[in-house]
Amino acid sequence: MYLAIFITFVKIFIIFSGVMLTVAYLSLFERKWAGRIQVRYGPMRCGGLWGHGWLQPFADGLKLFIKEDIIPDEADAPLFVLSPIIILTIAIVTFTVVPFAPGFIVSDLNIGILFILSISSLGIYGIVMAGWSSNNKYSLLGGLRSAAQMLSYEIPLGLAVISGLMFAGSLSMVDITTVQSGSLFRIIPEWLLPRWIVFYQPVAFFIFLVCMLAETNRLPFDLPEAETELVAGFHVEYSGMKFSMFFMAEYANMILVSSVAVTLFLGGWNSPTFPLWLLMSLPVLLYALYKGIWRKFFTVVFLLGTGILLLEIFQDIRIPIFWFVIKVIIFLFWFIWVRWTYPRYRYDQLMHICWYWLLPLALINIIVTGFIKFLFM
Amino acid sequence: MNNEKNVLDELKGKFGEDITETSEFAGDLTAAVRPSKWVEILNFLKIESKDKYDYMSDLCGVDHNDRNPRFDVVVHLMSTGNFKRVRIKTQVEEDEELDTLSEIWKTANWHEREAFDLLGIRFKDHPNLERILLPDDFLGHPLRKDYPLKAEESAKKQEELRAALKGEKVEADG
Amino acid sequence: MNLGTIFLNDLRKGLAVTIKHFFSKPFTIRYPEEKRELAERFRGVQYLKIDEEGLPLCNACSMCAKVCPTGAIKVVAAKEKIDGKRRVPETFDIDLTRCMFCLFCEESCPSGAITMGHEFETSALSREECMRNYEQLNKGNK
Amino acid sequence: MVKVRELTLNMGPHHPATHGVLRIILLLNGETIEDSKPVIGYLHRGIEKIAENLSYHQFMPYTDRLDYLAAPSNNLGYVLAVEKLAGLEIPKRAQYIRIIITELTRIASHLVWIGTHALDLAAMTVFLYCFREREMILDLFEMYCGARLTTNTFRIGGVPYDLKDDFIKKTLEFTDYFPPCVDDYEKLLTKNRIWMKRTKEVGFLSREDAINYGVSGPTARGSGLDWDIRRDSPYSSYDEMKFHVPVYPEGDVYARYLVRMEEMRQANEIVKQAIKALEGSEGLLAENAPKKGLKKIKKAPEGEVYHAIEAPKGELGFYIHSKGDSNPYRLKIRAPSFVNLSSISTMIKGNLIADVVAVIGSIDIVLGEIDR
């Protein structure tokens, strides 16, 4: 009993510090990757001899920590202080039900996915409170925008999750993951395609991808912040540590939704078997020979594939956490890649996409899924 | 060349005495007109003249502080049909108001505000005759030739004008 | 709406462009360590040339001071002449807070003395550091 | 009973998307703009007053500071106006050199425009790509005249330097390098659905309003006004160049975007043609130009001139009233951005806040020129 509690505490500690460290370094990697996309270096100073700014997150953290903590005169002070705390707490609490590896989960709730949905939607309160309590017109507009946006996008997000769940047959995150081991349709051999929900539910996966961006306020859906319109949106008046809490919450949320997407659609900790990598790498290598600009990218993919193949041959390194982290990193890279490529949608267009396209698409997807499941399975 | 002359001739033929002077210099056609017919002539040029000078490039004031009608107001027009240009100008006295062109061209709005701001030429019936480049509490009109150039003198002038303004207010109250 | 739109061709093209640049070499340079190569005609802070014998070319004619649009140059001729006939400046001050590096001083100089050099890192913490006097301007000759 | 109140929102002068120090006071109903009032003048330096107290020659560097993204264009406009006043005949080679430099300027200015415009709509990466290309153009400027931004490129009566072979080689390299770069920007923006949604049917300005507001340049051509001073009243040998003037009648932000994208390609072509025309041409200074390094015009003839050129932003006109002195009696700068900006209230009425930044970006303003 005590041992179990102790182990849980250890897990919490590891996951919490892991998440915080990832958040810190994600901010660095976002800047580095954005820099590379924009043909520049990104941070290069911090980190002494090693260079390439590897100490930048700590320098940033230190700077934000020792900055003056400003509460505007006209602001509603209690709410103003409370809202970043709410946002950050909620972003971190949700990691309790994320299964990083078999047994490596703080609490395997049998309603895990519902827990994530319900807790993360509380984050809206933080943003609305921040927007309102700052007593600034820009942040008020940002707060209103984010309330509307996050509430709206929660619906297609939930529906996309439901169509995934119809295959998994369980709400527990661990069950969802274990269901996805095995072969696709039980006909296609496992070494060809793994039994991941994304292959059954590509439409739901697509909807989830779009809603992920909207839920985390990332471009092209970063309207609550929208630097060029609302200066900084809901956190216009925040500075120092409070600002950094918003910042950390944003990145923690990115990691969270990536983890959920990985668990729900990409098989969680399940490893793709080696022939998949070979099969994926070879054709794209050929493709790259035709298309010059993709060559480098696919060469990297191929080398990665080969590297993993070697790992598998030399040692049975089916470490689930490794696969989980790799998948999450791919998602995070995708987040950053998209952010530095696209312009931003306008507020009304954002709503239009949600209610006119994503919602009907998600509903139709559920109905079709239901029919197929009823007829064939 | 002949065609271009026609604009000035056309104006002279139509308005006669109200065109006080026409000239041509370096290919630019200029017609000086009486301020009383200012709007009428420009309206004619925009709508009825042969070339239809429907595009107003520019409006500006020129300060001749040694002359009796102190200011020139100069307008540059262009025709979007054949891209010919003509310059129309008129003379305004310091305490006189010139009819606004903002009814004819919306672009005149800002140009006239600028002329008012920098030179103090006032325009009658202008919808929004406020300072445009200088701050609202600025006094005087710096593009006038008698406005001091140096910073210290300019500041002194500002103070003088402010004091004068206050004095007027006190008098008005009294 | 065609097939390309449904399959997000437009968005994919954008991603292709950014990933192409992701793998290309950065264009920027790391400034204080690496420095740009300046063009031959680069207009930096002025210096005063000297002739082969090491005597100043400037004969304090004040043409540069006259042509300077901002009045940044102040020249006063020395009372004593070199060799009894060549005038040299006693003071030659350039106020870099006013100078706008327009090249007019160099163009107008009849004896080819004042020249725009390649010094461009002129940040300073005080106004005094932005002034260049005769000695400092002579130092531009390496 | 719900009480509806309008919200007054102050945008600028230090808002990230107002391109400098423009300030717009918006009257909002929700996020819809009911009314707006641009406030300018935060960068007023009294350049026209300065001109009255300097000689014609000395005023040259000040024109750099008008539209500081296209300094050679301003130089050209001013120089042409003074030459018109003084009646100078410019030799052919000098004219071609002027064309090469000003067309490179047009590309550089449009690159900053597309970069900042995309940045306002949050496509930040385009901004960096554009600045990479602009940097190459600035290197060319540095090679030609020694400065990158405030170039002070031309002189009254001609140009100060001949083009070196090295410069011509580098310029030709650039003209080959540049079109694929424009293709890249277009891949990121032109057909991108988000970009189209943000720019199409936003900030509408009809042809009538464009004429009425005196809008010029690419902004007017985006409203269907088929007018380019380079083509319609050519100056500086532009009549020898073959180029296409893009005109789009839609009058929205997207149309203005297309116009400028095409203009960059056309400017690139003009540079190539001008370099070709350079061969065998002669003369850098006018015969009757004030000799010895074009020091100053001692005395200009009495009279008034107005000369307009097609600057990257639109019609840049210099009106010079001379009383026969060595300095202008009155010099008025008809700044294209100033006039184009006055139409902004019409364009953004009824749109949303997010459209304001799109519209400001699309009319390509430079506050140095507006406030003078």
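Order of writing sets the labels: A, B, C and D. Residues in every chain begin at 1.
Methods note: a contact is a pair of C-beta atoms (placed from the backbone, for glycine too) under 8 Å apart; a residue touches a chain by one contact, two chains touch by 3 or more.
None of these values were measured; they are calculated from a predicted model.
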item: Innermost chain by mean C-alpha position; value: D
item: Identity of the chain that, by mean CA position, is farthest from chain C; value: A
item: Which of B-D and A-C has more C-beta contact pairs; value: B-D
item: Distance between the centres, which are taken as Cα means, of chain C and chain A, whole angstrom; value: 50
item: Distance from chain B to chain A - Cα centre to Cα centre, in angstrom; value: 62
item: Centre-of-Cα separation between chain C and chain B, whole angstrom; value: 41
item: Chain B and chain D, separation of their C-alpha mean positions in angstrom; value: 26
item: In chain C, residues with contacts to at least two other chains; value: 11, 14, 16-18, 21, 27
item: Per-residue overlap in chain B, given as positions that touch at least 2 other chains; value: none
item: Where chain A touches two or more other chains at once, by residue number; value: 37-40, 340-342
item: Chain contact topology (line, ring, star, complete or other); value: other
item: Chain-to-chain touches, reported pairwise for every pair that qualifies; value: A-C, A-D, B-D, C-D
item: Interface residues, chain A side, partner chain C - complex; value: 33, 35-41, 44, 293-294, 296-297, 300, 337-338, 340-342
item: In the complex, chain D residues that touch chain C; value: 54, 57-62, 125, 129, 132, 135, 139, 142-147, 150, 152, 160-161, 184, 187-188, 191-193, 293-296
item: Residues of chain A touching chain D in the complex; value: 37-40, 137-138, 141, 219-220, 222-223, 226-231, 340-349
item: Of all residues in chain D, those that touch chain A in their complex; value: 7, 9, 15-17, 31, 118-125, 128-129, 132, 188-189, 192, 194-195, 197-198, 352-357
item: Residues of chain C defined as touching chain A within the complex; value: 11, 14-28, 30
